[in-house]
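Chain naming follows the written order as A, B, C and D, and within any one chain the residues start at number 1.
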Amino acid sequence: MPKYIPQRAPMGWNSYDYYDTNVTEAEVLANAEFMAKHLKPFGWEYVVVDIQWYAYDTASMRDRFQYIPFGINEMDEFGRLLPCPDKFPSSVSGKGFQPLADKIHALGLKFGIHVMRGIPRLAAHHHMPICGTDETADMVADPASVSEWNPDMYGVRNTPAGQAYYDSVLRLYAQWGVDFIKVDDICVTGFHPHRNYGRRHEVEMLSSAIEKCGRDIVLSLSPGPAAVEESWHYSRYANMWRITDDFWDNWDTLLHMFDRCEKWQDHVSRGSYPDCDMLPLGKVGKHFDQERDTLFTKEEQKTMMTLWCIFGSPLMLGAEMTKLDAWTLSLLQNEELLRLENGSFISRQVLRDAEKCVWASVDPKTGEIYVALFNFKDRAQQISLPYAHCAAMFPAGHFPEKMPPMREIWSGQAYKTNTDTVCGSVPPHGALLLHSAKF
Amino acid sequence: MPKYIPQRAPMGWNSYDYYDTNVTEAEVLANAEFMAKHLKPFGWEYVVVDIQWYAYDTASMRDRFQYIPFGINEMDEFGRLLPCPDKFPSSVSGKGFQPLADKIHALGLKFGIHVMRGIPRLAAHHHMPICGTDETADMVADPASVSEWNPDMYGVRNTPAGQAYYDSVLRLYAQWGVDFIKVDDICVTGFHPHRNYGRRHEVEMLSSAIEKCGRDIVLSLSPGPAAVEESWHYSRYANMWRITDDFWDNWDTLLHMFDRCEKWQDHVSRGSYPDCDMLPLGKVGKHFDQERDTLFTKEEQKTMMTLWCIFGSPLMLGAEMTKLDAWTLSLLQNEELLRLENGSFISRQVLRDAEKCVWASVDPKTGEIYVALFNFKDRAQQISLPYAHCAAMFPAGHFPEKMPPMREIWSGQAYKTNTDTVCGSVPPHGALLLHSAKF
Amino acid sequence: MPKYIPQRAPMGWNSYDYYDTNVTEAEVLANAEFMAKHLKPFGWEYVVVDIQWYAYDTASMRDRFQYIPFGINEMDEFGRLLPCPDKFPSSVSGKGFQPLADKIHALGLKFGIHVMRGIPRLAAHHHMPICGTDETADMVADPASVSEWNPDMYGVRNTPAGQAYYDSVLRLYAQWGVDFIKVDDICVTGFHPHRNYGRRHEVEMLSSAIEKCGRDIVLSLSPGPAAVEESWHYSRYANMWRITDDFWDNWDTLLHMFDRCEKWQDHVSRGSYPDCDMLPLGKVGKHFDQERDTLFTKEEQKTMMTLWCIFGSPLMLGAEMTKLDAWTLSLLQNEELLRLENGSFISRQVLRDAEKCVWASVDPKTGEIYVALFNFKDRAQQISLPYAHCAAMFPAGHFPEKMPPMREIWSGQAYKTNTDTVCGSVPPHGALLLHSAKF
Amino acid sequence: MPKYIPQRAPMGWNSYDYYDTNVTEAEVLANAEFMAKHLKPFGWEYVVVDIQWYAYDTASMRDRFQYIPFGINEMDEFGRLLPCPDKFPSSVSGKGFQPLADKIHALGLKFGIHVMRGIPRLAAHHHMPICGTDETADMVADPASVSEWNPDMYGVRNTPAGQAYYDSVLRLYAQWGVDFIKVDDICVTGFHPHRNYGRRHEVEMLSSAIEKCGRDIVLSLSPGPAAVEESWHYSRYANMWRITDDFWDNWDTLLHMFDRCEKWQDHVSRGSYPDCDMLPLGKVGKHFDQERDTLFTKEEQKTMMTLWCIFGSPLMLGAEMTKLDAWTLSLLQNEELLRLENGSFISRQVLRDAEKCVWASVDPKTGEIYVALFNFKDRAQQISLPYAHCAAMFPAGHFPEKMPPMREIWSGQAYKTNTDTVCGSVPPHGALLLHSAKF
C-alpha cells in the first residue's frame, strides 16, 4: 500500500541536456547500449526520454519558442498523449513506447519518460471522453491551471473523474513497460508564488494511479526548488523531487546547491531522494544551440559529483554518452564514490561559511564513514576541523568516536590519522572525499 | 493623439450585481428606459452590459461554475466574440450589438460592454486568422497568460499582429456604436502576484486601438486593487481603473475603501478616475442566488455615496433600476452631492484614524468647497477639527482661508459657522457632507 | 559532544499564563508542591519561572506596558541579570536562584527559567566588563538587534567575546542549579521578516555554552512560528522550539495548530520536540486582567491534549495548579494518553481536510499503536477511513498490517475491530483516541 | 499653515560622499566659500553637514564600524544633540551651530544639517527631562524603534510629550539658523519591510515642529527607496524624499534610477521634489577609504545630470568642491540645463525599454520644452521617435503641437526640425538634451 521504495538513489541518463525536445528512438537506443556496456555495472540503469516526445516539428521554431504554442501532438481518443511517430517510428499502430521499452529492458536497463502534469488542452476544448468513465475532459481539466512555460496541458481537478484520467494514463504506461516518470510543472508551479506546491493533489493522484497500475514506477517531480515546508508531503508520495531550479554548468549555481542541500539534509532516506538535478558533464547543449563541452573545470566536476553523492541525490547524466571522454567516464565509474548512493548512508553538513563546507556521512549499521571537504575559494586552501565536530552532527552511537584509517578517494592516497583533526589542502572550487579505508 | 478625456466622472448602470452572467436585451432596455426617464438629468448616462454576453447556457451550471469551462461562445471567423443570440436576439445576421446600441443612443444614453482581456482560447487552438493580416491566432495568443477565474481567453502578445487583433476588435465595437469598454483581468492579474500589472502592454494596445477606431470610447480597467506604483501608467492610458477588489454591501469592505481612497487621492483628475467599483444599492443578487435588498443600512449608503463622490470615483449603479424605491432613488437624484462628480473638484483626506475620517474638496477656480465627516464607530459621535486643517491640505490659494457659510446636504440644514472649527454629530457608520452654501 | 538529549518530551508548568510578569517565589513553590504531590508520578517535572524575574515594579504600568521601557533590572557587575529580590527574597546576597532551585530539587522536580536572548542594554551603554575577558559589553552587544516587544536586551555578536558572555551566563545558571532555559526572541525574530531565524548564531552560542557548563540543561526556543526551512538547525542545536505564535484558549488557534503539526510531523524525534506551546487549562489570566476559567470546552480540551500528545509536543501547563478542579486534573493524570510522550513513538498525519483530521502513531519496536480522530465541525460527525491508510503513512514493517484490538481512551470503551475500517462518532470540536488494547 | 514651499528644487552640497562621518568646521567653510564664489549664481545655495556631527572619535574604528556602537555624543540636559567641539570648535559654550550658520549666511548661502530620527538612546536610559514638559525621555522613546544601521537613537512615540521633544529640537535648530534638515532613517525603515513607512507619524511631528519654530526649514527625508503607495503623505508633509537606496558612481545603479523616476514622475511639483540622491562627481570617498575620482565616464555624468534635471530632482553635490576640475565645474554651471530645476516644468517619461529612454518636459505657461534622449547601450545608437509621442504624454494644450526650433545643449548645436521626428545619435551610456531654442 505505501509508495514504491527504490532501494538506492536512482541513477541513469536523461535526454534533455543534449537533445532538448528532439531526441529520437535511434539516439535513445545508442545511449542505452553505451550505458549497458560501460555504466550498468556501476549502478546506472534508467534511460529517460525527456520532454515533447508526443509533439511534431519540435525543432521548427527554436529561435522563437522552445515549445511551439498550440502545436500538433499525437494523442489517442481518450486524450492520452502518444509518441510522435516521426521521432519514435516503432510506436505506430498503437504500440506506443512498448517496442522501445522492450529493447531497453533487453539490455538489462530500465525505461523512463517525462510527462507534463495534466490533461492535453485540446482534449478539454474538444470535450474528449475519459477512458472508463462517462465524463469528458472539459469537466476534468482546470482552465486556470496552466504551466508558465509549456503550452500543452491543463491541470487535473481533484475529482473521481480526474483520478480516472490519471489512472488511465498510468495503465497505458504500465502496459508500455515504463519504470520511471519524471512529472513536470508539479514540484513547484511558478504561476502561484504564494502557494508553490498548489497542485499537491495531483501528486497524490499520480501516486495512487501508480499504486493501482501494478508496476513499480519511480515517481520523480520537477521543477524546483521544492518547498521545504512541504517536505513531509513529497516524502510520503514521491521518490525524487527537485530541490533547485534547472541546474546547468555554472559555478554560481553549483555554489547555491550547497544552500539547498543544507536545507534538505534531514529529508534524505531510503525511497526518498531530494534531487539536485541532472549532471551537465561531457558534451551537452546540441539541440539548444550547438554541441559544447561542459563549462565546469575538472575540480568543479569533482565537487559536483562529491556533493551529489554525499548528499544522496539521484544521479541523472545529461551528457551524450557515446561521446564521453575517458576522464569523464572515470567519474561515472568510481565505485568508492558511488557507494554513497546505496541507500544505507546518513549524511550531515558539518559546517558551511562563505569560503568552505564540510559534510560527513555514515552507514549507522557498519560505522563506515565519508567526510567531504569543499573549497569555495578561487585559490587553494587548507581546510581543517576537529573530527569530533563531525561526530556531533549524528545521534549518539552512529558515527565512530575515534577517527578510523581513511583514504582520499580522488587521489587514492591514504590519509594520515594520528590526530583528532580532519584536514586537507583543497584545490580552487575543488573537493576532497575521505573514506574509512577498510571498506 | 492623447487618450479620450471624459470631462466628468462616468456615471451609469452595470448589469452585474443583479444579473451576474445572464442579462438579456429586454432587461437591458428596461433599465435604460428607466435611466432615461429618472436619472439622466442628474448625470447618469452609461448603460453597461457586463460579462459573458457572448456565451451560451451561462446559468446552466451555476451551482458548480460561475463561468462554464470550455463552454460554447459566439464568435466570428476572425476570432472576435459576438453577442449570444439567445440573450440578444437583435444581434443575429452579423449585426452584433448595433441594434441595441442604436436604441440606447435614441434614449439619449451611452452604451457600454464588458470584455475580457485577450483572444478566445479556441481561436488560438484552431489557428484562426487575424482580420487584416496573414497571421493566425496561435502566434498572437500567449498560452501562459490566462485568467485565474475566467476560462475564455488567452492574453495577447506584444507584437504587430497582436495589435492588429485588438485593432480589429475595436473597429467592430466602434461600428456597433460602443461608448465604453470595461476590460477585465487586466488592471491586476492574480496569476502574477509579483508583477500584478504584468499585462500593461495590453492596456497600451487597447488604448492605441481606441485611438485608431475613430470613436470616443471610455477605457475602464478591472479588477482591482490597482497597483499604486503604476499610477502614472493607468493615468496615461486609461480613464478608470479599479482600486479595490470586487465591492459588495459589507461594512468591513466599505471601511477598507477609505484606505484605498487615501492612497489614490493624488491621482484623480479630469479624464482619470480611480474607481471604487459598483454601488450595491436597492435590489441586487438575483442571478447569483436570489434577489435581495442591499445589506447596507441607510447611513452606510449615505457614507458610500459621500465617499465615492468626494473622492471623485465613477458611479456605476448595481441595482435593478426598475425596482428602485423612493428613498434609494433620492440618493441618486441628489444634485448637490453629484455636483462633486463634475471633474472640477480637487479632494484631499484631511485626517483618518480608527474611529473617523474627514475629507475636504474644492473647486480651485471658484472656491466652492465640501467637507465630509465620517463616523466609523458603532454609535454616534461628535467629530470636530480646526477648519485650518482642511485648508492646509491644499496648495496655497486653493482653499478659502475663512470658512464660508455652509449647509449639510443630507439634512439640508444650514451649518453654524461662527467658529474656526468644523464639527458635527455623526450617526453610527454615517456621514455628514457640508457644502459652501452660496452655490 | 552532541547536545543533551532529554529522553522524553519535557512536561511541566510555566508561570506565564496565570502570573504574566509577576510570579513570586512563594507562588512558584506552592505550584511545585502541588506538582510533586499530584502530577510527578505522571511525568510532570519541570517548574519554569517565566519572563521578567529580574525586573522591579513589573505590574506598575500594566495598563500601558506589559514590559516597562527602560525600567530597573537587577544585574551583577558583569551585566548578568539576577532575580529581583522583591519577588524572590531568597536570592539576596548573591545567591541568585540557587535557594529556590534547591527546594524544587528537594521535591524531586526540575527547575527552569525564562531568559531573553542577548545582553542587557544598560550593560552595553555603560561599557560593563564581560566576565573572564578584557572586553566590554559595548563591543559584544549589537545595537541593531533588539526585540520587537521587550525592551531589555541587545542581541550578542558572533565573536569570541560574545561567546564568553553566554558562557558566563550559563556558568551562573549551572551554579544555581537550572535544568531548563526557555530562551525568548530567538526562535523567530519579528524584526526581520525576511530572515526570521536571523539570530541562529545565538542558538549555536547558547548550545555551546550549555555544553561547556557541565550541566544537563534543556534548551527551549521561543517564540514561534519556527521556520520549517530551518528545521535541521533547530534539531541540531535545541531540544524544543515553538512552532506557533503564542497559543491561547481560542478554537481558531487550536484549529490552526493542526496545520503547524502537519508541517512539522517529520521533525519529532528523541531529544527534538517541536513545541505547540503552553496548555491554557484551568484557571489562567490573573495578572493579565483577572483570573478566569479556560475558554475551551471540555471536548476542545480533550482535542488539545490528544493533538499535543500524539504529535509529541512538550507539555507545559499554564494553569494555576493549586486551583485545578478534578476534571482538569484527570486530563493531566491520564497515563494511557501521556504514554505518547515517552520518546518512543513515531506519529503521522493520515488525512486532514476542512472538517476532520486523523493521526496515527506507533512504537516501531513493539508495534503498539494509537489512532486519533478529530472533528472540526460544530456538530458531531462519524469519521471513518480504511485502516490501511494509517499503515501506508509509515515505512514498511513499522505499523501493524492488521488492526489490533483497540480501546478508546477518553471513554475507556473497547473498540470493535472486525472490519478493515477505523471509524467513530466524534463530538463537536472533539477527539477520539484509539489505543491498541494489549498495552 | 501648509508646509514651507521652496519655489525651486533645492541645490547644494553635502559633506557625506567625501567626508563620511568626519567633516570639520574648517572644511565646511572652505566648501561654502567655493560655492559662494563659483556656483551660487547658478542656483546652488545649501551647505549641508551630514551625519555624526555630534559624535566623538568618529573615525577611530573605521575598519570595524562606520558608526561606533554606544559611543560618546555631545548632548544638552534635555537630550538634544549638540555639535562635537572637536570637529566644530565654534560650537562651545552652548552656541551650537549658530556661529557656523552665521558665517554661511554671510556668504549668501543657506545652512543645513543631517539628523537621525528620534531621541538619543542614553537620554531614554537615563530618564532625562523633555524640555518644557514634566515628562522624561523613557516615556517618549520607543525601545523597539531603532535604526538598522545607526546606533544612536530611539524612535519617538506619537504622544504630546513626543511632539514636545521634536518641538524643542526644532526650536534649537531655528535659533541656530538652520535652513534645511535631512532627516535619516525615516523615509523608509529597513527594520519593517512590511511597513516601510512605519514611522510616518514622526514625519508629521517634524513637519508640525517646523511650522511652529517660525523659520523656513526644508524637510528632506532619507533613506530610500520611498514607498510610492505613500506618495500622497510625503507630498503633504515633506519637501524632498529619497526615491532610491544610497546612490554611488556605478552604472547599474544609474540605470536603475530610470525605473525609479518612471514610478515617481507624476509626483514632482513645486515644493515636492522626489530625490535621486547626491551627485558623486569630482573627488569623493576620502574618509571611506581614500580620495578617488568619480567612476562615471563623462557621458555617464552627462546622463546623470540630464536625468536629475529633467526629472526635477534636487541636486546635492557630493564632491569636495575645492578640488573640482574645469570640466566637472562646467557641468554645474550649465544654465540651460539647470533651468529645468526652477519649479515651473512638468516632465514625463515618453518611452523606456532595455536599450533607451526618452523624457519630455514643458513649462505649460510658456510652452518652453526640453526633450532628453538616453542611450543605455554600450555603443552609440540612433534614437528616434515621432514628436507627437512626446506631446501625447501631457494634457491637451500643455505641450506645443508642432516641434519648435531646438538646440542640443551639451554640444550647443542647433537641431534640425524639418520633420515630425525627434532623433539623434547618442553616445554609449550618454544623453542628448534638446531645448526649444528661443529661450
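Operating definition for what follows: a contact is a pair of C-beta atoms (placed from the backbone, for glycine too) under 8 Å apart; a residue touches a chain by one contact, two chains touch by 3 or more.
From a predicted model like this one, the values you see are computed outputs, not experimental measurements.
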{"item": "Mutual neighbours - chains that touch subunit C and subunit D alike", "value": "none"}
{"item": "Equivalent of C-D within the choices A-B, B-D or A-C, defined by over half of its residue contact pairs recurring", "value": "A-B"}
{"item": "Rounded Å distance, subunit A centre to subunit B centre (Cα mean)", "value": "51"}
{"item": "Between subunit A and subunit C, centroid-to-centroid distance (C-alpha), Å", "value": "39"}
{"item": "Sites on subunit A at which at least two other chains make contact", "value": "none"}
{"item": "Overall pattern in which the protein chains touch one another (line/ring/star/complete/other)", "value": "ring"}
{"item": "Interchain contacts, given as pairs of chains that touch", "value": "A-B, A-C, B-D, C-D"}
{"item": "Footprint of subunit B on subunit A - complex, ascending", "value": "69-70, 121-122, 124-125, 127, 138-139, 141-144, 146-149, 151, 191-194"}
{"item": "Partner subunit D, residues of subunit B touching it in the complex", "value": "1-2, 5, 228-232, 235-236, 262-263, 265-267, 271, 349, 388-389, 391-396"}
